[in-house]
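Below: one structure, written as structure tokens.
Note that the chains are named A, B, C and D in the order they appear, and that numbering of residues resets to 1 at the start of each chain.
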Amino acid sequence: MAEAQETQLITLSELNRHNSPQDCWIAVHSKVWDITHFIREHPGGPSVLLKCAGTNATASFDEVHAPDIIEELPKDKFKGFLEQPSPDTPATPPDSEVSSPPPSEKRSQMASSVDVPAQPEEEDVIPPMEAVLAAPDLAVIAKKALTPKAWAFYSSAATDLITYGKNKELVQRLMIRPRVLRNVKDVSFERDILGFKSRAPFFISPTAMARLAHPDGELAVARGASNEGIIQCISSNASYTLKSIVNAAPPEQPFFFQLYVNSERQKTADLLRTVRDLGIKAIFVTVDAPVPGKREADERAAQAIKIRSAISGGESSKDKKGSGLGRLMAQYIEKALTWDDLEWIRETSGLPIVLKGVQTAEDAKLAVKYGVDAIMLSNHGGRSLDGAQASILVLLELRKNCPEVFESLEVYIDGGFERGSDILKAICLGATAVGVGRPYLYSLVYGQDGVEHLTQILKDELEVSMRLCGITSLDQANPSLINTLDIEHLVTSGDRFEPISRMHRLSKL
Amino acid sequence: MAEAQETQLITLSELNRHNSPQDCWIAVHSKVWDITHFIREHPGGPSVLLKCAGTNATASFDEVHAPDIIEELPKDKFKGFLEQPSPDTPATPPDSEVSSPPPSEKRSQMASSVDVPAQPEEEDVIPPMEAVLAAPDLAVIAKKALTPKAWAFYSSAATDLITYGKNKELVQRLMIRPRVLRNVKDVSFERDILGFKSRAPFFISPTAMARLAHPDGELAVARGASNEGIIQCISSNASYTLKSIVNAAPPEQPFFFQLYVNSERQKTADLLRTVRDLGIKAIFVTVDAPVPGKREADERAAQAIKIRSAISGGESSKDKKGSGLGRLMAQYIEKALTWDDLEWIRETSGLPIVLKGVQTAEDAKLAVKYGVDAIMLSNHGGRSLDGAQASILVLLELRKNCPEVFESLEVYIDGGFERGSDILKAICLGATAVGVGRPYLYSLVYGQDGVEHLTQILKDELEVSMRLCGITSLDQANPSLINTLDIEHLVTSGDRFEPISRMHRLSKL
Amino acid sequence: MAEAQETQLITLSELNRHNSPQDCWIAVHSKVWDITHFIREHPGGPSVLLKCAGTNATASFDEVHAPDIIEELPKDKFKGFLEQPSPDTPATPPDSEVSSPPPSEKRSQMASSVDVPAQPEEEDVIPPMEAVLAAPDLAVIAKKALTPKAWAFYSSAATDLITYGKNKELVQRLMIRPRVLRNVKDVSFERDILGFKSRAPFFISPTAMARLAHPDGELAVARGASNEGIIQCISSNASYTLKSIVNAAPPEQPFFFQLYVNSERQKTADLLRTVRDLGIKAIFVTVDAPVPGKREADERAAQAIKIRSAISGGESSKDKKGSGLGRLMAQYIEKALTWDDLEWIRETSGLPIVLKGVQTAEDAKLAVKYGVDAIMLSNHGGRSLDGAQASILVLLELRKNCPEVFESLEVYIDGGFERGSDILKAICLGATAVGVGRPYLYSLVYGQDGVEHLTQILKDELEVSMRLCGITSLDQANPSLINTLDIEHLVTSGDRFEPISRMHRLSKL
Amino acid sequence: MAEAQETQLITLSELNRHNSPQDCWIAVHSKVWDITHFIREHPGGPSVLLKCAGTNATASFDEVHAPDIIEELPKDKFKGFLEQPSPDTPATPPDSEVSSPPPSEKRSQMASSVDVPAQPEEEDVIPPMEAVLAAPDLAVIAKKALTPKAWAFYSSAATDLITYGKNKELVQRLMIRPRVLRNVKDVSFERDILGFKSRAPFFISPTAMARLAHPDGELAVARGASNEGIIQCISSNASYTLKSIVNAAPPEQPFFFQLYVNSERQKTADLLRTVRDLGIKAIFVTVDAPVPGKREADERAAQAIKIRSAISGGESSKDKKGSGLGRLMAQYIEKALTWDDLEWIRETSGLPIVLKGVQTAEDAKLAVKYGVDAIMLSNHGGRSLDGAQASILVLLELRKNCPEVFESLEVYIDGGFERGSDILKAICLGATAVGVGRPYLYSLVYGQDGVEHLTQILKDELEVSMRLCGITSLDQANPSLINTLDIEHLVTSGDRFEPISRMHRLSKL
């Protein structure tokens, strides 16, 4: 790529001089880049780049990004190689005093079958993967294994976590009505999703920056999903390039892509064509996050770093809008996206369109009207608007108010699904497939093995649940297997109050 | 003011002689006053004055009052200057053995950006304001920063805190139904309140004695509100004089005034004319507290002091009605106030009338009948009658039983609103504006900066919530955005039982 | 009484010989009695007497009984005086190794205004009475002040405490709808109960063995109730004789009497005539406890003693039915009492009849049919049948199914009423008066003063609640002041399933 | 049995050679058996046998099985006696490093009436049986007394324990409506169950491997049940042979048998004939567990052992389906059992058929159609499919949707019944009898005495509850005594959504 300049060596003091927003260079893995033009386009926000201006930023870069992603910068921004005693050893990054130990260090505490720890059950040790019996175990383990920053970013949800909690609670409050004395010897839970074969009726919901959990990040997810025959929906904010992720799996493995539309539409157009060229099968247009929700745990983690840095004599930030990773990533998102833009996305990509984040019967009907291929009922895992209806409520709302949409498009759902029986409930109530998000991020503590292990657990739970319900294929899944009465009083039947024509009565005085 | 007497010096032993209810002098900031006539009129009750009778009461006075407020006593009650070695240094007050460290001492523990603390995260340290991400954070901080007495007074609510808890719980149980794919680039949340522009649809609910939290008390609130373009409703029991508070903001800044009608009506008439002359814009007549509620945390704090003083050989109080600050302040309140008195208040003040504390559809309809300009649905933050319906339930009750009142008057609400999304819920259901009370008191830990910081947080949360709901102005807020089904079964539709004509049957024996 | 025999002295060794069920003497306060005939009639059960057979039982006796109550034995059972070095000092009782410190010892830890404790706030110290702000405080204090056995007996309820908890919870879930702008200057809460004036609409529910809490026991209650102008309903299992209790108050003070009908009817007849002759005003016939409920905390306390005694070489009890104080006291109760027996009770006593323990609309209607003067909705404070409906639900059940009963008889209620506002809720919903039980027992930690203090608290809370509701007399109390919707779905409307005619199908084999 | 070979002695080294799946011998109580053919038929799964291959397995065997059960192997599999210094002392078993102390060791800590412990109330000591006042006490005690493995197996339920918890919660939420003033002197609670007399309307639900709790296992249960006049339903997975269990009681004592149908039908046919020949009275066909549920506590206990063994250099298990005792035991179960197989079971056994595990009204109606004698509403104690409806809900569902089934067959129920009043509730709502499972397992901590003690407690509670309800025989039990309104909104009335005919719309692209 940068062959022409390969002989040019740049000294550290030369690099250090380019340290302003108007002239900003950084070194990554011994290559020096001019990123001045890119500062405001950085999905992770400008400030994190400016903190690295004029320095060797390798350590900070590696924590979040795959090595190849920087090569996507224009070739003319490559300035040469950093002249250094041991160029591949990253220098102390500017934020070293606040950085947590990298994941790999943490993972070294993991108990393995060959390396016998003295006290295998002590609290801080990560148990061997065989000890993971179910998805909820993974959250407990991830909290121990990840850096506080990564844990905060992955686990946080909006403000008071009401929607986050309700997602799970309301799924659990659905009761199952098992049928007995049916031949359940042979069970199949294969499912077509948008016409693509999946060995199970669930897929991996898009989640950002998997490299925070494991060096292989989304590559591990792609390989694991492929081995297990399920589909990965790749996040717009992946740590690896789309190309690396897609290439990590065999050619026949289908992928979906989650799109945030950029306020600079041309960038989105370029991206969509890349997506199409890589053979990705569908576009999940994110519609539940025109702006990021307020994830306070995430912001608090960022805050903690800032405050410490302020105390030690650094900048005194007054960033009022918060600066957790979630907030930063969303700065480029188009806030003016409307229904009419969907046609442009479809035409540009030439791919089926799935709306990710539909939350009302009204919008489900609009989705049919606009010819969308599928909708995903989602509140962004409780990360967008706290207080929004739990996803499962929206599924029931559609059943109650517009059952006809299930005949016109496929309906997916995510938010709070952690068990095979949870997935079965959604299928019984009409969903085509269920997205599973955070548990897969957490499974990355064990890399690709973790992704496969979690998938096998969910499949096993699903199979057991189907047998215990007396069904042998998902075609037999139907609402009569579910008693929804504990939450059905919460299902709205549309507008019940007329808007008020408020008359601002003039004071009589 | 008291120039004529300025040469007269009074010795401490002379002062000490006037120490009975029949002849009671006190010294404040080196001036000696005869307060015999005022003992029973003191909003804070007589006993606290009698404890200071014949002494230098400066310290006790300063804890609650602004320096200028004593100058409102009639001029002839000024007796001269206290002759003292260092007259401005207050002598040990009579209650010194029980007083907590003054707020300012507590605040000195606050971590600042310039003064680096050794252990910035240790439990007792007040974090820098930047660490405050949301209103609930402020309660945690205030509990640490305030004196126990001030914290008890601010945070306490009636008896078992049922209404206090329900206010917040029921707001949280309202679910939001976000709409997607709408252009939400430009958002405005300006609101007219009684015809006055507010940059946001919330105002500062009246709360008493802000000086307990910060020396600048209500002045800081006035300045912060003015800078942020929102309206402050001044409490009858402010620490500062009305004049000082109004003058703390630019002339164009509107104020409201919360009125407790005095059982001596003439005093109220005088007060209303002062209010009008100061350019205050409306009178919030307090109707939910003809007598004070029973705030046991507050009374317990007072009790603790009394018991300690009793144990150390002092008086053995038998005050059966409790003597927390809340109880004391309410002794002068007119218990006989009725609907027919409203006209007199309106005429005397020449100002719009808002009824603060309406709690039923029946009274909302009466408010329309009596030509009131607005009503505020409030249960005094759960401080009046424990067990009273949560405020949000009353809003739904009005929607269900008398939607027409929304066309005749403006409806405000307070009680349990801590988030931008909480505020949006009330607006969607028909409220014109939402009052925020305790969080602003707690924000005073950071003085005026805290008031502005909290306002910015609420505005930001509101803006994010509107965008995520798919609306760009409050005119688009409407009930279809809210799923009320989790609490709607609690909304009464009026009398459902006929009163019983109980026949006291004579015993047959 | 026993003058004729007063010269006869009985040696301890002589007493010791009468130690069998067939020949059982005990000494109490230096008098020796033959109680052989009484063993099986003892309300507290035979075993406790047999444990004292042939010994000086003064200490055990005093813990539960007033001195005079033993004089009710027939005169010919007095055998003479015990010859002893210091006859009034009780010898070590047989159960001394398991007895807790007597209440008076515990009470000596109480902080008083004159006797300054070193650490006035340390956990185990009983606070001065002024620190008691509300009824719930008393339970906390009683738990510390009483012996474990007394606390277990007073506080225990049936098995899993479900009804005990629901009594209180459901009262709290009633919401109040306060009305505003009414003249509430002058408030009266006087009430006629069965035609007798009470200064408040509540009375003291019958509770057993008050001497466990204070040496003055029911005498203190009688004096306090009289001073405060409320009525005491005396328990069948009082520590003092009826005569002593009635005589403790002035002649004009009315009393009620709670009756357990004895399976030996003649004893009940004798008792009823005593009641009538003492001028007691009404008979509360206990109908919710034909057998005692299973109070496991109480039984556990008894069990603990037995086990310890068994371990130290004593008897190995195999009493399968439990032997807590509650169980023991109920052994003499008539299990065959029916509606038709009421006329006999009325005729024998010549007094109004109140049925204590009505729990269904069906039985309320029967009470009208049988000409009962009043019914008391009660589940024995949750001590009888665990799982029984909360008392307040029964009140609503009557309103819904048979409102006419309120015109034919008075309706009282107890169970979970701890606040003035709780009492007001019941009055609004149709109750004539509310019984308060356990809080008065707990108030006895402070003796008569405690009884008066609690009464004043409840009156004050009631008065404040009435004012804040906008009413000035109980005649204005009505259902529209109460929002019952949070519990109204629990109110039955009678039989909804037909009983099943089960056909025991013969097996086809 | 094996007389012919009794002279043959086998050396330990000879035994050790037969240690593979193809040639597997084990020694038990000094007899050596060839179990090669039996490895895959073992109800407890093959792996536990393979771990013992070629060793003296006496200790492992005794933990779970009665000594006689191995004699059920074909005679030609007996290979001779083990030549050993002390042949009856089991050698160190292969899993000794992970085995917990055997139950008998644990039980030696039990406090007894004769052996006085120093600190009778210290936490780890098992209290004497007299201290057990109710069934819930037994769970607390069993957790202390049993090995962790046994406790995990007995107490565990499926995945998130939702159904397990709801079983109990919903029974508790049923409210009782006691009637008063009825003659309740003489109470009878006898009940015919399938035509067999039971002294109480409950029986002992089948539970597996009682020897884990007590060496006498099911024999103790049989003797206790017989003494108390109630019926035991023997588990398919009992520790003792059916013959031993049946012979432990007098000939007139009736037994039921719980059947898991084996996928090798001939084995089931043989078993059914044995059952018939032993005089057992009915077959409870297990229909709620065609595959085992996922009991994570149980699997975690097994996992802990495996991981420890893996760490110490042993096998690295990758058993994805879990290997708790519950999973292992179920491997032989027929997954293809259908309604049409019932006739074969009936004919083969010549006994009445009870379906254990009916969970819907639909299946209850099918049971009538297929001529079943009784159904047992059960979700396997929450151990099968987590999220399944609570048992009591199914009873109400039958009442609502198909009350006629109660006239055609008997209805039993289990799951969450721990109190006499719980049992009474089910009887009132139409159940013929109630099964009690786990509490009886826990009672085995005290052996046969525990079984009798628990039975007496339940009878006493039932009798008290009946008296307090005003009934004297179970014929008077009827739905009007129960207020079901707190859970009735959860009772389904059948299919409410039509299944969706999903049209996989082809993507328009």
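Methods note: contacts are C-beta pairs under 8 Å (C-beta built on N, C-alpha and C of every residue); 3 or more make two chains touch, one makes a residue touch a chain.
Remember, predicted model here, so these are calculated numbers, not experimental data.
Colleague: If you check the contacts of subunit B and subunit C, which chains show up for both?
Modeller: none
Colleague: Starting at subunit A, figure out the least number of steps needed to reach subunit C through touching chains.
Modeller: Steps on the shortest route: 2.
Colleague: Superimpose the Cα atoms of subunit C on the matching ones in subunit D and note the rotation angle, 0 to 180, in steps of 5 degrees.
Modeller: The two chains, subunit C and subunit D, differ by a rotation of 90 degrees.
Colleague: More than half overlap in residue numbers between the two sides of the subunit A-subunit D interface, or less? Answer same or different.
Modeller: Mostly different residues form this interface, as fewer than half of the numbers used are common to both chains.
Colleague: So which chain is the furthest away from subunit C, centre to centre on CA atoms?
Modeller: It is A.
Colleague: At what distance in angstrom does the C-alpha mean of subunit B lie from that of subunit A?
Modeller: 44
Colleague: Can you check how far apart subunit B and subunit D are, centre to centre, with Cα atoms defining each centre and the answer in Å?
Modeller: The separation of the two C-alpha centroids amounts to 63 Å.
Colleague: Can you list the subunit B residues in contact with two or more other chains?
Modeller: In subunit B, 489 touch at least two other chains.
Colleague: Go ahead and list every pair of chains that touch.
Modeller: In this structure, the chains touch in these pairs: A-B, A-D, B-C, C-D.
Colleague: Using the touch rule from the top, collect the residues of subunit C that touch subunit D in their complex.
Modeller: Contact set of subunit C toward subunit D: 159-160, 162, 287-294, 296, 299-300, 303, 306-308, 310-312, 316-318, 320-322, 335-339, 341-342, 355, 357-360, 362-363, 366, 379, 384-390, 393, 489-492, 494-509.
Colleague: For subunit B, which residues are in contact with subunit A within the complex?
Modeller: Its residues touching subunit A are 111, 113, 116-117, 120, 127-128, 130-131, 133-134, 136, 172, 174-185, 192, 194-195, 346, 350-352, 371, 373, 399, 403, 406-410, 419, 421, 425, 429-430, 432, 456-457, 460-461, 464-465, 467-469, 478-480, 483, 485-486, 489.
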